[in-house]
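Both complexes below contain chain A, partnered by chain B and then by chain C.
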Partner chain A sequence: MHIPDGFISPSTYIPATVAAIPLLIVAWKKTKEAINDESYAFLSSLTAFSFVIMMFNIPIPGGTSGHAIGAAILAILFGPWVAAFCLSLTLFIQALIFGDGGLSVFAINSLAMGFVASFSAFYVHKLLHNRVNNNLVLFLAGWSGIVAASVVVAVALGIQPLLGVDALGHPIYFPFGLNVTLPAVVGSHLLVFGVVEGFATMLVMGFVEKIKNQSTPKGATV
Partner chain B sequence: MPAKIYFLLYIGALIAISTLKSYEPLLIVLALLLLMSGKSVLSIARRSFILVALFSLFITLSYSFTLYLRDESFWHYFVTVNLRSFDMIFLTLLFTSRVNIYEAVAFSKDLSFLLVLSVSKIMNMQRSFADYTDALKSRTLRKPTRYQIYEYLGSAIAGFLDKNIREGKENFEAMKSRGFHV
Partner chain C sequence: MSQNGKYLLIFILVVIALTPLGLIAEGPAWGEWSVDEIRSMIGYVPQSIETTKPLISAIIPDYEISGVSALMSTWISAALGAGLIFAVMIGIKKLGKRAS
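This part shows the complex of A and B:
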């Protein structure tokens, strides 16, 4: 889902950066409050985990596969601010050190995959927890988080033909409008990547339940 | 010049390149970047090309094809967008190869420390992931069922989470025993 450099106009990514910076500062402060003096080593562990989870390709019924981002897992275990911060740090490292995603669009990627995915997953889990089957709740939390993030990405991409045009009025950044990006990006996340994230959340949380009695980190809410 | 100044210059250059809307100035930028990269030109260019090909080429080719079907000129769009992506990625890779990134983004002591720790853990995790995958391959004789794949993925991802948390505690103890307090 990472948007790369060069497809988003400055008139979109500059306001997004202005919006993301205060959110990141709040997330950093909330993260430090949430997990005591072990925070540095622990936070770096969570960041590495969110990086690693993107390396696992998960097959889904229908013959296709994709990777999860782990937003729901981190949000359910450690809260949405910690999850948003760790995912944003992962995206920053990917953009700057691995050249994946792009620094100019870091804020949009962070708002979508860090904040929107984490908060959506967290509140869906909170709303449905103990009301319906636990596996279904975990699946829906993961699924809804990544689908919500995909809406942000689809809108950011889809408005580019309106904002970034050349002298002749032709698109010069991302070329397809909302009529293409919403069904393509959101549709694929509704049917494929959301299912992958949902499965990953369900599977991992199932195993976390098994091992949580052995090592429950401070700050974990499970 | 301090790394932070380079970082600000890099951000400024990145924004400037992103505003360019035709390929002529982008070609000039590319020529400057190639000159600046010196001996590492080929390795940076190869990595940039791969990263551009992963996303930009797919999008720009599909849009260029729709323009072609409408009998409209598509070269300007195709060249400009891919060149801009290439320039921006090339600039980022050049920056990261020449400047100490940890020093460049050390706007807060806490954050720069966290960044160093995170990157070192990510490198470790990448190695562990490769070992884990190789070990699994070498021990798998028959094609696993979908259920077995799910079971493996769930345990592997949860195992990495558990490993990360344990190592986090060990790292903290190691830091404390060496007198490190943030």
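This part shows the complex of A and C:
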């Protein structure tokens, strides 16, 4: 889901950047407030987890692959703004150091995998929390977050053929329309990578709760 | 280091150790194709995809360090990325303290 440079028209990524800047400023401020000596270990290691989990490429039929993003875990523990900042930091390091995702389209990747994934996961968790089985809630938070992000990416890519063609009638930017990008990107996340994100959210949240409970004296509140 | 910090550090080290599993997938993510892959799919390369160069060229493109095995490259990349995140978070924690 990391869109590279050159795939997206400036008429898409410039407005996306203008929209992302104020959101990133708010996310940055909320993160600064949220980090203290206690939360630091969780925030930094779970952000590092989101970086590393994105390296676990899972092959699917058709010669492509994908991965989980770990956004729901941060969103549930620290809220959607902090999670969006953490994911954006991960995406920025991936783009800058590893060329994974373009710097020019960083805002689109940040809006999709940072903001949309974190807010979707957070609100699904909030809505369902204490109403259905906790593991199912965690699964659905992870699943819905990454699926929502995939919709943003599919739309951003799929509208590109409408935004520029050369003298031969060939698209200048990403060549496939929504009829191709929606099933390919959203479909694969609905069926495969969303399920992986769901289980990753369940497993890691289980681990986090366990170590939190262990270190908290009985009767104390965290 | 706190007990939680220790558990979390072990957790992240284990996940980093497992990153070579990600090398099993041969194909790139859908849409994240190289110029050559696009040409073989549709017979041409869209102009912007062919000509746009990254604003800043990546230090370790695609998590592959030239002259280093794929296995070591993956471990180094994962450790470097995770280390950078820990470092940035320490910086933010210090900024937050100074502000309050």
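To be clear about the criterion, the second predicted complex is superposed on the first by the 187 of 222 C-alpha atoms of A that agree within 3 Å, B and C clash if a C-alpha of one lies under 4 Å from a C-alpha of the other, contacts with A are read in each partner's own complex, and residues count from 1 in each chain.
As a convention for this text, a contact is a pair of C-beta atoms (placed from the backbone, for glycine too) under 8 Å apart; a residue touches a chain by one contact, two chains touch by 3 or more.
Please read these numbers as outputs of a predicted model, since none were measured by experiment.
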Practice prompt. Once the structures are superposed on A, label A:Glu33 by its partner contacts, choosing first (chain B), second (chain C), both or neither.
Written response: second
Worksheet item: Just chain B (first), just chain C (second), both, or neither: which does A:Ala184 touch?
Response: second
Discussion item. After the superposition on A, what does A:His125 contact: first (chain B), second (chain C), both or neither?
Written reply: neither
Item to complete: Please work out whether A:His67 is in contact with chain B alone, chain C alone, both, or neither, and reply first, second, both or neither.
Response: second
Discussion item. Looking at A:Ala200 after the superposition, I want to know if it touches chain B, chain C, both of them or none. Which is it: first, second, both, neither?
Written reply: first
Discussion item. Quick check on the superposed pair: does A:Ile172 touch chain B, chain C, both, or neither? Answer first, second, both or neither.
Written reply: both
Fill in: Those residues of chain A which chain B touches in one complex and chain C touches in the other
4-7, 9, 32, 37-38, 40-49, 51-53, 55-56, 58-59, 89-90, 93, 95-97, 99-100, 102-104, 164, 166, 170-176, 207, 211, 215
Discussion item. Could you list, by residue number, the parts of chain A that touch chain B in their complex?
Written reply: 4-10, 13-14, 28, 32, 37-38, 40-49, 51-53, 55-56, 58-59, 61, 73, 89-90, 92-93, 95-97, 99-100, 102-104, 164, 166-167, 170-176, 199-200, 203-204, 206-208, 210-211, 215, 217
Response to the item:
Counting only contacts in the complex, chain C reaches chain A at residues 1-5, 7-9, 11-12, 15-16, 18-19, 21-32, 38, 42, 44, 46-63, 74, 77-78, 80-82, 84-86, 88-90, 92-93, 95-96, 99
Fill in: Residues of chain A touching chain C in the complex
1-7, 9, 31-33, 35-38, 40-49, 51-53, 55-59, 62-67, 89-90, 93-100, 102-104, 153, 157, 164, 166, 168, 170-176, 181, 184-185, 188, 207, 211-212, 214-215
Worksheet item: In the complex of these two chains, what residues of chain B are touching chain A?
Response: 11, 14-15, 18-19, 21-22, 47-48, 51-52, 54-56, 59-60, 63, 76-77, 80-81, 84-89, 92-93, 96, 101, 105, 110-111, 113-115, 117-122, 124-126, 129, 146, 149-150, 153-162, 164-172, 175, 182
